[in-house]
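Think of it as A, B and C in the order they're written, each chain with its own count starting at 1.
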Amino acid sequence: MAAHRREVPEFSVSCPGSSEWYLSSRWGQGLKLSVFAGNGKRRYLDGHADTPVVLADHPAIHDIRWQTDMHHAATRKLAAQSHEIFTSLQKHTSDSTEGTRKPQLVKFSRRYRVAMMECIEDLRKAASDSLVDEATQEECDSMCQLFQQLELIWNLCEILFIETLPGGVVLQHLLDWVKLHFTEADSLAAKVIEASDDEIQVNEEYWSAVYIYVLQGRLPEARHLLSLHPDKQKDVHGAYGKIDELMRRMPVFGAFSRQTLAEFDLKWRNWQELCQQLLKEGVFVSYQRLENICRILAGQQDVLEQFQHLVGDWYQLMVTKLLYTNPMVKTMDLQYHAKSCMDVFRGSSRLLALDQILFAALEFDITQIIKISSATLSNWWFVAHMADLLHHAGQLESQQLDYGATMREFLLLEYASTLMAEESMWQIVIEYLDHCPVFGRHHLELFVEKIPLKSERKAYKLLKVCEERNMDDQAQSLCKVMGMKALQEERLGTALTWCLKSQDASFASFLAEKFLTEYSLKGNFSNLDLIDNLGSSMLVSDRLTFLAKYRDFHRLYEQGEFSEAASLLLSLLEANLAPKQFLLILLTDALPLLELDTIVFSSKQTSQLLMCKEALLKWYKSEEYTREILPKKSKGHIELEKEKLELLQLGLSRNLSRALLEESVRN
Amino acid sequence: MVSIINSIDTAHEDMIHDAQMDFYGIRLATCSSDRSVKLFDVNNGQHTQVADLRGHEGPVWQVAWAHPVYGNILASCSYDTKVIIWKETNGVWEKHYEYTGHESSVNSVEWAPHEFGLVLAAASSDGSVSILTHKEGTWEAQKINAHNIGCNAVSWAPAVQPGSLLEPPSTQTQTHVKRIVTGGCDNLAKVWKEENGEWQQECAPLEAHSDWVRDVAWAPSIGLPQSMIATCSQDNRVIIWINDESTGNQWTPKILNTFSDVVWNVSWSITGNILAVSGGDNKVSLWKESLEGQWVCVSNVNKGDGQNPPHPTTDAQPEQ
Amino acid sequence: MVAEQIPKMSKVLVKFTSEKLSCVRWQPPVMQGLQNSDTFVTGSWDNSVNSLLVWKLSNGDETSRKGRRDPSEASRFGDIKPPETYVEPEIILRESHVGDVTDLKFAGHQTLLVSSSCGSVQSFSVADDSKKLIPTQKWEDLHHLKMSSSPCTCMSVSGTDVATCGEDGRINVLRLDHRKPIRIIDDADSCSLNAIIHSKTHEVITVNSAGQLKVWDVRQDGNTPVRIFLVTGKKVALHCVDRHPTQPHLVAAGGEDGTLSMWDLRKEHLPVTLFDSHESHVWEVKFHPTNPNNLFTCSDDGSVLHWQTKPGLTSSRPSTPLGGFSTSGISSSQSLLHHPSAADAGSAWISSNTNMSNIDINHVLPSLTMPVNSVDIEGSNLVCGTDGEAIYLVSNVFLH
């Protein structure tokens, strides 16, 4: 957005070496780059690739980040707090109806401002924290000033775009706006009062405070200060009493009073006529200061010029002028008054960014506010949240921007990008991306994959993020990465739990085979607590089913339930679930069953076992076996296998005859 | 506001040519003219060297990390014509596979998106590109004669098809077609795709540069119904090529900028919306497409003189 | 199924911290049961450098608050004025910590134990004014894998013994004044152990990522548990476990699917009751230490639930939908009439798995979007820590 208007930020990285070494860079997550210098390919082009260069220093790689303004402790607090507000605002607007929305939006806007003010307060503290270095202090101080400006702009935008103004009368809000942000009079008054013992010290500061209160329309405060004036007690001409009375009687158009605009107008005219009259009568002739006040009240222009230094800036002048000359001004007319006041203060000199933004607001030009803010304030937090709020207030659309919604999304993406580089802020990033309907999803997918999985708890949280958003590929890959990590550490049980989460059949088979290999090497199972309790999860893969069933066989055998064990073994052999290399182990497992006193394999079952044995022998002759497996087996191993097969043959034939005999006897 | 998080002393004895963070940004691989590849753990701003891999007999140009679902695997390529794949087992890094199928310097390596399996592309000065595929414990190589004279760079297309604006990607039926773009000394960039196990040029070469194409980078899919490739060249220019889904296989060039010197590298940020360009002008400049569809420079990183500590020169100033 | 209304008597105070909080714990008062604690400790996670914070409640008033801020602020926002009297938690100490803080436990009033995702446990002596943490002992590398360290996930304290468990499936038993663990059970579990609690002096209960609850006698050699309990046939990871303070056979565990399971360890190996009230991972479960008819859970779904058994109600009462009776007012009046014995109250948790009408479930916090990682209750003050980088302090939690 308007980035072409922006002066391109430049920064330098020190890389020693010849000037011919160009700078190269690699991306990290978010706004993060690793940069280093080198010119290898150029040397290679020039034909010097093989001549080593003698370096004074080892080459270094510099990690840089930019737009890190929301990573500081104080601003990060704002990021977290405004995230909470942002998400409840999105939820609120999707829940609420048109009618109830607007008053609620004002509340949201104020919550943002409260968060900003807390941030300003924290930054102010950090800027004067003696424990941090000077550079950090300066940084905090400049951020503090920036956020003060932002809050000033936000407040004005809130009045103009969000607030409901009865009859379009805006003045009271503008007065509050000035009062809130320009508190010089309060500090002056406090200083004067603090310095006085019994009697108030009447000095320039005293009068400045009084004047500023009057200029800001804060008449109760002005009256209070005046009442402390020692002359007030011996008010021989009644001047103090009269000015006090005038100020007390100034009509105020309040949002909650029942008067109509016309009634107020009448009251106002009467009151100001009274002011004029008192001036004409010369009531305050011997009280220059009081006369000045009365002239302000009467709306005389020249006196304002005289007090320009107390007014502050053009926007304050505008509010003062409007208060005493045009209190019923409508928002739409503000820009004309703004222009003339701006001329008084700036003349032909350069406008500051703040001037431009405030003026754009008074012109109701939202696009311009956002453009100038993005281009000059180097802070995406403000524009992103402001644009979002205005979007919910329907203001972006009413501007008939064909890319109103797009602009909001664009700014939210920019803001989210500035948070990505701070690794621990990923959850906040994700929720902002969630509310970017067009590009958010793709950014999310690319972003989520690269979040380091430092602990299982983090992995669980991330997995939930993926599952809630149907990001199946990312969920799958996350489980696989966790599984692989566990596998590398030889934590097969943990690997299997991750594999089961993603129902990854091939990985499950791979792990089941690992368990089986471990068994065939060591003769016993590890991870029994898990394997024995697989339950229905064994169905993820055939191999895993086999593993679980094979364990069942062992358990049955150990418990002495031989005939159940025998039929399970046979069904395992026949179901073809076992890896080929495992067949011999299974057949060998039949041996002790064959040698029992009681017969557990029937003649039919024995023939089936014989067939399995034949099948194994056939496989031993296959090309697959002789090429792939046989070369890997040691001579001793082959001998051992041969021995086992012979034993098996013997056992099977003996069992067959025993079984046949017994079966014939029984029949 | 810009901040330098840390500076890593690589302890290489000659200049470095590449530095790549692993998938999660917690491990760094560097390679150098000193023929070595070094690995560092980067944690809490601290870095510790975990491995010094020796095996190449010439300057090592580039390194590439495989996706972590395959474990810890790294590929490197060198002037010595070799590609080496390194693997960590039981905490020890070892040479896992060495590919010697090229006749000249191998300039660039890049792993395919993990959805395709463990597949590596390598581009060589002998003009060919090798596609190495891991299958049942062995590596199979396929060769593409990509550019006469020499091939400088290769980059994979994302595994997802360019996103539709309406549907989230995971609901789309994905036809994972392997695609790469290559850049060569014939001033061309070419787009290749695998069909029935064969690699073929998918469309007419991308022809717009007037000198060697130095680097190519296929952009991650960011949700627009289009594919995007950035190329940079000896002719000082960077070109963005856009292939709109609606227009079929048409790549339309748009000159991003003409720089004052050779442009050596282009690379897209992880979320694909910023392009980093670096070259002989001793700068890294960052480019972004504005809402109005214009490519604008959003930041510049300059090379300092080595005397002063790194610092931000200016930040955005209010302007008239 | 949970009543959305937050009881009006409770006050919720939020403090943002700039760090995601993994753990919160009240420091037990010097005279337990006679006074309320005003100090708690929090730990953060996922930062490059994490921290331990010690917080103290100060009884603030309007004037001190005004002094802190711009004087005109109080009038700025009429609608969000703070309550007139309030307790404000303030950070009185910040210590940096290597790795994520995975658990915090107090052994008595003065000893704080901190476990880390780097696999270590450290003990601190807490100064009387809580303004200082003096490191007393560090057990490095308690939990580790073949090539790297592994997070210690949880600790349990019994007297001067501390049992720890970790993602490496290992159990360690430490003694506060011993440099080396007094018992190590390697490969206690094939999967990650997520939580541990003492049920008796020499007996610990662990829960793992495969949905199993195991009981161990740490005096026995070998690595086989005394008993294994399961949630269901499905592999639902269990994240946390707590036992009833007075009836140690009664155990509650929270799972990754948002369920809270209750076991009677004297009985079947399947849970007696399963409550399905959270939408996602239950990260911590805690019986109220002195009022065990109350139980608290916090979850990744951003909610904290207060579970309480209804006093004086028997299962003969006709069951009504859960939402139908959520107001604590009714229950409280009944609690005045009936004084259930401790045994009755305990059994209410496990009375029946279909009739949930014996339990009231209420939200303690307004709904948040960010996960709540930890919850602790002391007297009627509840504190929790979130990934939204805030602590929520709820005072005057209504207890039966």
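Everything below uses one rule, namely that a residue touches a chain if its C-beta (ideal position, glycine included) is under 8 Å from a C-beta of that chain, and two chains touch if they have at least 3 such contacts.
Just so we're on the same page, UniProt names per chain: A = Nuclear pore complex protein Nup85; B = Protein SEC13 homolog; C = Nucleoporin Nup43.
Note that the coordinates shown come from a computational prediction; the quantities given were computed from them, not determined experimentally.
K.L.:
Can you name the chain that lies farthest from subunit B, using the mean of each chain's Cα atoms as its centre?
P.N.:
So the farthest one, by centre of C-alpha atoms, is C.
K.L.:
Return the chain pair with more inter-chain C-beta contacts, choosing between A-B and B-C.
P.N.:
Answer by contact count: A-B.
K.L.:
Report the inter-chain centroid distance for subunit A and subunit B in whole angstrom, where each centroid is the mean of the CA atoms.
P.N.:
28
K.L.:
With centres defined as the mean C-alpha position, give me the subunit B-subunit C separation in Å.
P.N.:
Here subunit B and subunit C have centroids separated by 48 Å.
K.L.:
Name the residues of subunit C that each touch 2 or more other chains.
P.N.:
48, 146-147
K.L.:
Could you list which residues of subunit B touch at least two other chains?
P.N.:
If we look for residues of subunit B contacting two or more partner chains, we find 90.
K.L.:
In subunit A, which residues are in touch with two or more of the other chains?
P.N.:
Answer for subunit A, listing residues that touch two or more other chains: 488.
K.L.:
Would you mind writing out the residues of subunit A in touch with subunit C in their complex?
P.N.:
73-74, 76-77, 80-81, 83-84, 87-88, 107, 110-111, 114, 117-118, 121, 179-180, 183, 186, 423-424, 427, 431, 454-458, 460-461, 464, 488-494, 496-497, 500-501, 526-530, 533, 535-537
K.L.:
Looking at the complex, which residues from subunit A come into contact with subunit B?
P.N.:
These residues of subunit A touch subunit B: 1-17, 19, 21-44, 49-50, 52-53, 55, 58-69, 139, 350-354, 375-378, 403, 406-407, 410, 413, 417, 420, 438-439, 441-443, 445-447, 449-453, 470-473, 477, 480-481, 484-485, 488.
K.L.:
What residues of subunit B sit close enough to touch subunit A in their complex?
P.N.:
On the subunit B side, the touching residues are 1-21, 23-26, 28, 30, 32-34, 58-59, 61, 67-72, 79, 88-90, 105, 107, 114-115, 163, 165, 168-171, 214, 220-224, 261-262, 264-265, 267-274, 276, 278-284, 288, 290-291, 294, 296-320.
K.L.:
What residues of subunit C sit close enough to touch subunit B in their complex?
P.N.:
Going by the criterion above, the answer is residues 48-49, 98, 146-147.
K.L.:
Which residues of subunit C touch subunit A in the complex?
P.N.:
Listed in rising order, the residues of subunit C that touch subunit A are 16-20, 45-48, 68-73, 76-77, 79-80, 100, 102, 117, 145-148, 151, 153, 167-169, 187, 189-192, 194, 209-210, 212, 214, 225, 228, 230, 232-235, 237, 239, 256, 280-281, 300, 368-371, 387-390.
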